[in-house]
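We just call them A, B, C, D and E in the order they show up, numbering each chain from 1.
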Amino acid sequence: GGGNDTSAADDGGSDTTVSTGTAFKIGVIGPLTGGAAIYGTCVANSAQIAVDEINALGGDIQFELLPAADDVNDAETSVNAYNSLMDKGMQILVGTVTTQPALSVVPLTYDDRVFTLTPSASGDDVIENNDNVFQICFTDSNQGSRSAQYINEHFPDAKIGIIYKNDEQYSIGIRDNFKAEADARGMDIVYEGTFAEANQTDFNVQLTAAQSAGADLLFLPIYYTPASAILTQANALGYKPTFFGVDGMDGILTADNFDASLAEGVYLLTPFSADAEDEMTQNFVTKYQEAYGGTPNQFGADAYDAIYTLYQAIQAAGVTADMATEDICDALIEVMPTISVTGLTSAGSEMTWDANGAVSKDPTAVIIENGTYVTP
Amino acid sequence: MNKKFEKGKMVPVPSHSIIPERDIDKSPILECRHLGIDFGGLRAVNDFNLTIGRTEIAGLIGPNGAGKTTIFNLLTKVYQPTRGTILLDGLDTSGKTTAQINRMGIARTFQNIRLFNNLSVEDNVKVGLHNQEHYSALTGVLRLPWYWSREKAAHDRAMELLSIFGMEHLADHAAGSLPYGAQRRLEIVRALATNPSLLLLDEPAAGMNPSETAELMENIVKIRDTFQIAVMLIEHDMKLVMNICEGICVLNFGQVIAKGTAEEIQSNPAVIEAYLGKQKEA
Amino acid sequence: MEPILKVSDINVYYGAIHAIKGVSFEVNPGEIVTLIGANGAGKSTTLQTISGLLHSRTGSIEFLGESLMGIPAHKIVAKGLAQVPEGRRIFLQMTVEENLQMGAYTRSGAGIDQDLEKVYTHFPRLMERRRQIAGTLSGGEQQMLAMGRALMSRPKLLMLDEPSMGLAPILVEQIFEIIRTLHKAGTTILLVEQNAQAALSIADRGYVLETGRIVTSGTGQELLASPEIKRAYLGG
Amino acid sequence: MEFLSYLITGISLGSIYAIIALGYTMVYGIAKMLNFAHGDVIMVGAYVSFYVTMFAGSNLLGDDPSTLASGIVALVSVLLAMAVCTVLGVVIEGLAYRPLRQAGSLAVLITAIGVSYFLQNAAQLLFGANPKNFTPIVSGQLTLFGGQLRISYVALLTIAACVVIMLGLTTFTGKSRMGKAMRACSEDRGAAQLMGINVNATISMTFAIGSALAAVAGVLLCSYSPVLQPTTGSMPGIKAFTAAVFGGIGSIPGAFLGGLLLGIIEALAQAYISTQLSNTILFAVLIVVLLVKPSGLLGKYVPEKV
Amino acid sequence: MKSYFKNMKTITKADYATYLGVILAFIVVSICQSQGLVSRSLGGMLVPICCYVCMSVSLNLTVGVLGELSLGHAGFMSVGAFSGIITAMSLQSAVPNDLVRMVIALVAGAFFAAIVGFIVGIPVLRLRGDYLAIVTLAFGEIIKDLINCLLVGWDENGLHIALNVDGTKSMSSLGLSENGIEIIKGAQGATGNARIATFTMGFVLIMITLVVVLNLVRSRTGRAVMAIRDNRIAAESVGINVTKYKLIAFVTSASLAGAAGALFGLNYSNVTAAQFDFNTSILVLVYVVLGGLGSIWGSIIATVVLYVLPEALRQFSDYRMLVYAIVLILVMLATNNPQVRALISRIIPRRKGAAIDE
């Protein structure tokens, strides 16, 4: 632990206290309630783990993680959440968790000159028209075109079906880029079906249609909750195409009571696997399970990496917590393109950033075999 | 005499009239010809013919379920007639809506009181004045001078009308909170506010005690005299009907069984049998 | 003789309105007792308080020697007290026959069908319309139905709230005839009427209610003869 | 053949809507209130069934349970879910709705919304935000036409349950003493009391039945589409409300028909017109039907006696 | 004239108190803001609060005054928001002044919402009670779905609009020129909007809404509308054209919601159709009912309190929505408790003929 000042970091299970003035006040915004709560809570918890680790190092750089602010995955509430964090003196924002709220919050952080590092808001627009926003996750366009490329290379004759969520930017963004790339490569897309927040548990019609259109590879640029329903229902229909997911698919093996055998042979592009053998992942997953129960998903891993990235950037920039927020911001913007970070989600290599804020790490495809991710 | 009112027979005006002598020089205010309506299989009203003079007080009586209220509903287009025509002041009313009928000159009260319960007594009357004191919604929102002058006129007129029944002091009360009798009177005032030429009253004395009824009788006559309008009323209180109705039409099973003056009706055996019973009084 | 119904010193409020102010009266078994009074005097309120739909803040109501205070309305019916409410309040979307059956809700099995027949003989019109939806009946027909329905519970005390309202003269006579018949058959009746003349002439005793208070009482004949009553309620 | 499978999808989805709608219609018809918390009772029912099955799976049944054993577990889980939901429904009614008996219908509506928020958020705290994958109470399917047409047993069970419940409720409200008491309460509570009907008990009973149905619906819904989370009930709840209105709210056969049609329209619209606009099509059909028949398909239009 | 004023006294007093309260609140908040006494959190909520106040006051016109349950009010807000944003974004170069552009956008929002309100209103108002509720709900969902497919861009050739029903179209199919702006991108909504809404404008909009609603209610039109609410058949029998007055109330309500929506849209750099869903309609309905049907100042207070409440409850973290739900239920139970009501009516004496201040 750091000093013995009374400004307790938060109520999130931290045993560290930090001295006033030397700790960077970091805010997290994400959905803690509502339908997307699972992503937000995982981010908040994982960030806490990373912050505790860094504070425990006892170095000059200490973090104070403000209580995570709930945005219910809603653009309007996220602005309120942001303002409430600003009232609490937030200097750096790790957030938001999802794209739509990010689009509302990012212009504000830009105006306020608050350095922003989003773990998982992957929309291309999130880092457009600003200099202070950086992503840990890869952008939707990146994933979409990479997926198309991979499928084209490994399944050249695939008849492709796509099921995506038509009221979520993440899903649409990946699908649009996938389609553009696929069209450019002359790939054969035989079916496209959509669903919305309101009916994201029933896919019988889409699956029947995909099946009768002869799709033998289903591209699913969606999160794992609806994906688990798709796998279950496809199985019930006796429809067995190759499923190909993106990073949102990560977590499917840990979904409560999900019959993991259904996910056998599913491909996905993911930077993170909770059962990877490396020490870093094991450490993170164990801590997470101890503190919060359950297995963290890729959102959490991104958040964990975000905190460490921040740590490294602050070191590189040599900023201190007593500096003005905008100075911290400018300094960090300066150094971001220069640092390289190894993390849970960098797939063994290093992450670097361009000046625009996009991360460069290669989305790698894995296949689920015997309940674990394997590089095919 | 009775032969004149034989049902189903087309006879020139004003011989349908219950008392043809009244307003003999003027055309009748209301003429119903072969009016009828069915509810499913039930012929609620059939071949109803009636003519009412300009300033006549007419009574419509008959056993319960005879179709009296239904006739009011037909006249005011709450129900669309299955058969027949209604002429108001010589104009055909077919295809008109209830609201249009009111603007043409028929106002009514209801057997089950229908007031605007949450509005004040004064506002109830002002709603009745809706088409009398006219200004547009925009004028109202912008409160142009015209708004003020019309509102003042409406207020004055409402108070004047309420004074017929001496109800000015109740102006601020919510209509729904009034005693039953006062509610019935308010309904009449509201109907009068629409400036009708024919006023239909459905059981105006129901729920009133005899002294209140006596007062009501006077007021109905007073209303006819001051406004020079025709009044048609449904009532089971024979004292009221026999005393103020100049002509009475008796209905049974949707058919007219008798028309005439009070004396004629009271001595008509068919009416006694179907409706009056062995009368002791009135 | 023990009164079948004994009301003493009840006070009923509608929010801030004090509608019944210390009313006391009693009904003896086999009697017809009538409450008369102008509009808004509190007659209906009194009946509703007895049948448990409204509650008195003070006093007591005893029926067959048992206190009714605090007993919910549905249990009071089961004790043999039925009310024909003002404004009929029949079940508009049920058929005529279903309405009558609802009247016998507290009873089981025996005699319901006979009673149904009895009601139909009292009111042949209801027989004709037994399958009609009650909401489309005429006013008078509905009144008959409401009375018939109350009779179906075979009440020991029947409370009638303005049963003649809106009825054709011939039916008014009939209604009073029925009241007389019921009375002869041993039913005790508490009658509220605007038609004071008719009510007082069949009543054993009557009470006059004015703005929530009982102002006079006496036998039916006494009240009929009283000049004040004549002026105020008989349109004399 | 495709058409048939879409149709069957539609019918089984529609049957679920119908069961929920039956609960809605019961409560609406009798208590005259829109119980927007109904959808969340569904969710609670599903969670109860989920945990019972989980518990049995890990503690009672072996690795390879017999069909009979898992069948019994399924049945017990449904019964327990019904029991819990019945109690929940009665408690909600007693605590939140009964005090509002004299208040306007909108006050009750808003309270129901409050209850709905409460149940959803309580569920998130209790069960976590992580979605559960629900194990269907029956698995397997009927294969017809040499494998071209598959009908899952869940679908068959749902359809059968729906028909049985509809018939049962129709008989119950039409014929039984309690059923008639319910109809009487729905029309005029004061008059019903004068008939000797215990209004509070009757309304509690209505909620008990409605909530038990919600539990059944919850289990079937999650057997059909296996993702269970705190918000699971809200959209089906709204759809079912729509179905109830579509069929004529207050009418039991109407809720059945409305639910079924809604499911079929939704499935066919998704299959043949647009998955994007399936809700739009569904709601557009609803509006058109209501314009032609303002009281819903089977709603009885009792004209106001003037 | 004098006696007339005397008669109107009680009503106008309540109205003027409402105006005065709003003006005072605005002045106090503005002063605090200039002194730096308003936290960012509260400051950021001022404009949305203004929007929701207008929403609830206008919904009160439909629900409280007209007496029809509408579950799709957010749909009109949505129409207003997007038409407002399109207007403001297209005029960015033509009308450089933010204030003028904002006013034009608000008018556009109100106008288009009124048109949609009219189209929806004609069929909808033939229905009654809960049927109306379901159709407005359906309409709200339809609007949401349609806007989710809507692609809009602007360049010097004017507006480019496309409906992406089958997923085949994207922003590029609009064929915008080099310096065109993408305004609405389907489900992603409108992104990159200029945030030009101000608290002052919000205040002005509230005042306009209040004047329109209160003056309408106190006029011949308002009486007709309330008469229809209380007894449709009786209203017809005194010559009131029921459809016309229902429509007037409904369209007015819709267009005020549209203006509120436009202001809302101009306050965020990103607005999506999904934000104006059924839950938002319900939220506004909660404000209205909690504030008291027909009570304008009640709507205002309920809106402010309930909007701020979830924010004030942030310290409860995970429990905050649970606490919110409990507070909501308890308040409903308390305000409808006869004893509490009697107490309130003793504290705030009411006019005997309570019409709208009930």
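Throughout what follows, a contact is a pair of C-beta atoms (placed from the backbone, for glycine too) under 8 Å apart; a residue touches a chain by one contact, two chains touch by 3 or more.
From a predicted model like this one, the values you see are computed outputs, not experimental measurements.
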item: Both-way neighbours, i.e. chains that touch chain D and touch chain A; value: E
item: Minimum number of chain-to-chain contact steps, chain B to chain C; value: 1
item: Touching chain C and also chain E, the following chains; value: B, D
item: Contact-richer chain pair (by C-beta pairs counted) among D-E and A-E; value: D-E
item: Most widely separated chain from chain B, with each centre as the mean of CA atoms; value: A
item: Centre distance in Å when chain A and chain C are each reduced to the mean of their C-alpha atoms; value: 74
item: Centre-of-Cα separation between chain E and chain B, whole angstrom; value: 44
item: Euclidean distance of C-alpha centroids - chain B vs chain D, Å; value: 50
item: For chain D, residues that touch 2 or more chains besides their own; value: 121, 124, 276, 279, 305-306
item: Shared interface positions of chain A, touching two or more other chains; value: 33, 166, 194, 196
item: Junction residues of chain B, two or more chains touched; value: 69, 78, 110-112
item: Interface residues, chain E side, partner chain D - complex; value: 63, 69, 123, 126-128, 130-131, 133-135, 137-139, 141-142, 145-146, 148-149, 165-167, 233, 278, 282, 285-286, 289-290, 293, 318-319, 321-322, 324-326, 328-329, 332-333, 335-338
item: Touching residues on chain D, where the partner in the complex is chain C; value: 177, 180-181, 183-184, 187-188, 190-199, 300, 302-303, 305
item: Interfacial residue positions of chain A with respect to chain D in the complex; value: 33-35, 37-38, 41, 166, 193-196, 198-206, 208-209, 212, 225-226, 228-229, 232-233, 236-238, 255-259, 294
item: In the complex with chain B, residue positions of chain E that touch it; value: 1, 3-4, 7, 211-212, 215-216, 218-224, 226-227, 229-231, 233-242, 248, 351-355, 358
item: Chain B residues touching chain C - in the complex, by the definition given at the top; value: 39, 61-66, 69, 111-112, 179-182, 203, 206-214, 236, 238-239, 274-279
